[in-house]
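Below is one structure. I have some questions about it.
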Amino acid sequence: MTARPASAPTRGPLGLWLVGARGAIATTCVFGLDAMAHGRAGTVGLVSELPAFEGLGLAELERFVVGGWEVRDGSLADAGAELAHNGVLSHAIVTAGAEAATDVDARIVPGLAAPGDERASAGARERGALAPRAQVDALIADLAAFRERTGAERVVVVNVASTEPLADASPAGANLAAFEAALDAGELLPPSCLYAYAALRAGCAHVNFTPSAGGTWPALRELAEASGVPQCGSDGKTGETLVKTVLAPLFAHRNLRVLTWQGYNMLGNRDGEVLANPAHKAAKVANKDAALRSLLQGSEGLHTHVGIDYVPSLHDWKTAWDFIHFEGFLGAKMSLQFTWTGSDSALAAPLVLDLARFSELALRDGAAGELAHLACFFKSPMTGGSHDFGAQMAALFHYATTRSAEPATRSH
Amino acid sequence: MTARPASAPTRGPLGLWLVGARGAIATTCVFGLDAMAHGRAGTVGLVSELPAFEGLGLAELERFVVGGWEVRDGSLADAGAELAHNGVLSHAIVTAGAEAATDVDARIVPGLAAPGDERASAGARERGALAPRAQVDALIADLAAFRERTGAERVVVVNVASTEPLADASPAGANLAAFEAALDAGELLPPSCLYAYAALRAGCAHVNFTPSAGGTWPALRELAEASGVPQCGSDGKTGETLVKTVLAPLFAHRNLRVLTWQGYNMLGNRDGEVLANPAHKAAKVANKDAALRSLLQGSEGLHTHVGIDYVPSLHDWKTAWDFIHFEGFLGAKMSLQFTWTGSDSALAAPLVLDLARFSELALRDGAAGELAHLACFFKSPMTGGSHDFGAQMAALFHYATTRSAEPATRSH
Amino acid sequence: MTARPASAPTRGPLGLWLVGARGAIATTCVFGLDAMAHGRAGTVGLVSELPAFEGLGLAELERFVVGGWEVRDGSLADAGAELAHNGVLSHAIVTAGAEAATDVDARIVPGLAAPGDERASAGARERGALAPRAQVDALIADLAAFRERTGAERVVVVNVASTEPLADASPAGANLAAFEAALDAGELLPPSCLYAYAALRAGCAHVNFTPSAGGTWPALRELAEASGVPQCGSDGKTGETLVKTVLAPLFAHRNLRVLTWQGYNMLGNRDGEVLANPAHKAAKVANKDAALRSLLQGSEGLHTHVGIDYVPSLHDWKTAWDFIHFEGFLGAKMSLQFTWTGSDSALAAPLVLDLARFSELALRDGAAGELAHLACFFKSPMTGGSHDFGAQMAALFHYATTRSAEPATRSH
Amino acid sequence: MTARPASAPTRGPLGLWLVGARGAIATTCVFGLDAMAHGRAGTVGLVSELPAFEGLGLAELERFVVGGWEVRDGSLADAGAELAHNGVLSHAIVTAGAEAATDVDARIVPGLAAPGDERASAGARERGALAPRAQVDALIADLAAFRERTGAERVVVVNVASTEPLADASPAGANLAAFEAALDAGELLPPSCLYAYAALRAGCAHVNFTPSAGGTWPALRELAEASGVPQCGSDGKTGETLVKTVLAPLFAHRNLRVLTWQGYNMLGNRDGEVLANPAHKAAKVANKDAALRSLLQGSEGLHTHVGIDYVPSLHDWKTAWDFIHFEGFLGAKMSLQFTWTGSDSALAAPLVLDLARFSELALRDGAAGELAHLACFFKSPMTGGSHDFGAQMAALFHYATTRSAEPATRSH
């Protein structure tokens, strides 16, 4: 008997299908993959490149072929030039990646424009005007075409689009039957759910990197299980919240009482512009605050605030200031404050690639439903559990150890 | 069948013997114990009060009777008034604790003044002038008298004195025989080693909360093992280094390359004054830097700096600014900076009480030598291991789980 | 010829009448005056004590007798104890000032409770329910009684009450006749305007230390001129805005283009609680922003934001973080960020005393209407002019030089 | 009589001769002049472009032709590429400026290498080995050749080289005769003094933008007066010190007592590398501290610290953190902290161009000796006076007003 024949890495192409395929994160992924493939950039920022994951059999990055949905017109070359202008990508990387970008551009097709989105492309508006059932049929057909055209053995769909308005709980989300009925009845459903539905129906792994509803509704969780495909999310933990989830355990472990935690976030990219809209901001703020509150349950009377302000001059360079006021022994009041300055795209893109690799492995292993070991990547992990980043990483390391040790008996 | 009869908490008094017994940390311990005993203060800041340690059988705080060595004249009342003036203790706590402070004052005896220390008390200078063997004999006699006078069943000695100059490695430290020979030969040895020697010889647990040599020399490690008593250290992890050891793993786990980590510390208490002396500062800086370097082994070409400046106006309120410059995906340069403002004494004192409780339990359990599960309390744990605070806490939680589960078969 | 006989300091008592007489600022004034009078505190923080004002003939602080209006029950002793608990005043100062506080308490009478203010005292609610004309008559009678009881030669009324909701422009404010008509017609007018009206009618100087309307309406400006009494305001420039108005000229003078100026303020005292109400916050935010915008007229496309958040754990310790993003030569983007941590009351109280002294001098000199030389004390100076703090101070120094040189020919 | 005929702007070329002509500041000047001349960049950062100086008759920037001395090999193109790589200059500006840079390169000649400087060019080492008198003769000849080659009517020499070690007071500096004697005797003199001597002897205006001795010795002040040429310096006030000299007056004007002012500077360019050497650092630190101490004379017992650390990863992006601890009314302790992040070169270069214009005007006007109105540009103004930046700017505005109003009667 040969060990793990089913999951032995094969050398064929793999698909990475991005929702929001010409956004800043997607653009950084595309130029980054090309730069790494040609030795123009290293792998700093990629969790999957840590020594701990060496024996895990993750797919080589070069195998991923990128395509996706996008609601805007434009080209990756232009998006890359803008990121270079704002100091996120180097001119050298953008210039050298021009050809690869053009190739990906050819695999980007219109997404679903929200009703009334006047900046959307004609194609996306046309799609957005279809009945829901027709929309998902079209999306599924896109994925099939991508597979056929590229020969991708397995496809991972990652949503990196801008945050949707916080959706009210819909009866349509309660179970798969209700969801299908709503599709047929022409009910208005969040695009992120339609993308997730299409991905799961098409046998693709699905990753929700945004705070949008995506695959989180019970209906779509049921679908993932039923389809035997893995999914994970939500809301990539890239910056200020990441710092929060390493600092909050410090206070909890030292039995220090956090009185107040104020977090002020400023960002200036398209994502920031969208979040300037209170309806869109609500989902994000909720995720950022929930993590903190769960980690500081011992701090009686905790006062928290999360602000997100749109500051155009910062472009992609998110800057956050957090002020933590805490009480120590005998009532002594102390404080910790931090300022985080990071490129949102440079922080998010490698995690998207990590998630593509880990999800591809799960798909290869035949995992169905939510992947608990990937909680460390998300502000609001679908599978719940501790928000403590160290504990989440320990879980990922544990997965790596046990998965490497077990003979794989599942295939897909 | 009687479960764990040996380690069942008995109700007799326990001893907490402090080196530097009228320093700011010791003073905070004394007034804090009294305030908690009378319900005037809660247990915020005490790790040992976390729910995870509830079933562990740690001794009640009220059982600890305090005494110690001190090289200065003065009273705990005066030391408390100074801390109240500087906003570390409340006036109410200091006023109400006057009687308890007087009681402890009566149990404080002269320590070993360093040669030429003109601010030392007459008694401490007299002791400092004795031959080393006579010094340790006197110290051992102090501990015996303390036990007898208080009826303390078990005694924990905690060194909270100011940092000594960085001692050169001495042949006397290599093994116990060499150390004893040096004592007899009248060789000059660091006072912290003599205190540790006396404590271990007297069957007391020993905790080195300072960066001084204390019990870290092989000779004294040998003595602890041989005497069957536990010890731990060194250098309480109270503030900026604590934050460092929770933040550094973030960068390592996300495969972000730290380019530079500059840490600037300012403090204004007696400890700060002593550290303004470069010889004394060396030991502290080394500990603070080593933790960081071990956690960031993946960051090639890491540049670090640790500064400690004496700023009298801050008194006990240590303020530190750290600047972390790091590289993300595709060379993007980002930064995190933080400002920590905390009362050194309010942060350290509860940890001293925690260590007294955990060490007393180890002594009760018959543990000999270094206590690996207490690494989370120290900048430079004697037992080595990861500096990652989360991992260190996991080890302490693991100890609690396993120790609680095991029938205790040892007694002391 | 005798020089300046009219303005030679006479030794009789002077009155300082505070609106909000048991608030944190007023309480700090009362205990501070007592502490200075008895040599228990120096004059740090008092602008009027700078050497430049030595020859100006400002009244000695000991001459001021304090009284005022207050809408809450309570005592200055309790208010002082709370400030001591929060580290603004020392226990020593509060304890020693008990008698003086009791004396002042006896001179505090009910103010005008806003309709529906359930936390107001019975007396203040009763007054608040009177018709406007009856209200101002009662207020004027209070001032007359204060003068008579204390023998105060001149009285300065300073409004240090919490910020009122931003009042809509009222036709009643347009001129004095309209205001009087509105009073008689029983029209609802902001209490701050009624206090100002009463003060000016009673021949007292009036200082509006708050962002409330106070004496800023044309009607009240007309009254000040007509009554021949001086007034000044509005909104004491104590903290973050003070820093803004010294930093903004730096950018203007160096021709650096400020792209973004974000200011986040946090405070936790009663003032903060009131400002948590958006209607009350509006006035404050407008003042803070206007100063900045006027100083940075050369920065095209300037983006600004002023946030004020209520953070109870901070009590009186206002903490503000400002982030300034600016463009330098050839488009280089740079930043300055600052964190300000200050006690609101300790910053404001000495300025209130300064304003009492400068206003008393103006009253003595027979100045009528708005005092332009006091612009440096306000976020929104009634007399307009540059917000540049250095330029405003230059104007005050110039006043001191010229006023000292001129023979005073006016008396009051 | 026609007003100001002598100073009417003539259209001929003017010379800007830089010491350290391929350093980061000089490189930014060269590419910046070219970019502005071709409309590729605006004039943000240039003080001389403020509306207040419109009528002053400053020379148009396009008239300046650049040349200079340099001790290293290399090209401006390479220096520009490095600055673009580090985000100081845009790629577009460096690419477009290639031709202009080559032209300037042709006008750069070897400077005086310090003895033992192994990284110096062969030419600079040869020159550095000459006798002092031969050195200055060669330098004077360089300036004459530059004038002749370019037809520059007037030349301003600006020293923007790296900081020299702090020079001991030399008897040679006491007066011009002693200096000339030392030159003839072959005495070792600081290169910055030799450059200044040559400039002044050659009838050029001289600007010392560095903390090196330059023209500050009495001997050279005498020479400037005797030669009838203007000079100014020392040490450009570009970043942290600039902020200090606007913030310190705030505390002085509000009678707040500064207890402690700690300033920590980090920089990573060649200048930073040179300053990592304690001897070189001494001059810089002294200037930074002196300004503060003079502005805070009222703060009794003031404690200050200025640190400069070399942090290679920052390159040209100087980052400074200042912590200001101050006492307010009744002993309340408060703090202000700021973090400054700026490109040293982008901040300095426009000031160099400003100084060239203001110095050229002074030269044209026949001003001899030190220019007091330019104090705002320097950390250590030769003419002394207040370090208050607002007051210094007021002096420059006053100069502009009076100089514009006066008929010019001098010519050069």
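Just so it is clear, A, B, C and D label the chains in written order, and each chain counts residues from 1 on its own.
The definition used in the following text is that contacts are C-beta pairs under 8 Å (C-beta built on N, C-alpha and C of every residue); 3 or more make two chains touch, one makes a residue touch a chain.
Quick caveat, the model's predicted, so the values are computed rather than measured.
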{"item": "Count of contact steps on the shortest path from chain A to chain C", "value": "1"}
{"item": "Cα superposition angle of chain A on its copy chain B, in degrees to the nearest 5", "value": "180"}
{"item": "Approximate Å spacing (C-alpha centroids) for the pair chain C, chain D", "value": "44"}
{"item": "Centre-of-Cα separation between chain C and chain B, whole angstrom", "value": "50"}
{"item": "Shared-contact residues (touching 2 or more other chains) in chain C", "value": "87, 337, 339"}
{"item": "Of chain C, residues touching chain A in the complex", "value": "259-260, 262, 264, 266, 303, 305, 307, 309, 311-314, 319, 321, 323, 325, 333, 337, 339"}
{"item": "Chain B - residues contacting chain C, complex", "value": "87, 91, 339"}
{"item": "Residue ranges of chain C touching chain D (in the complex, touch as defined)", "value": "28, 31-32, 35, 41, 43-47, 49-50, 87-90, 93, 242-243, 246-247, 249-250, 253-257, 298, 327-332, 334-343, 346-347, 349-350, 376, 388-391, 393-394"}
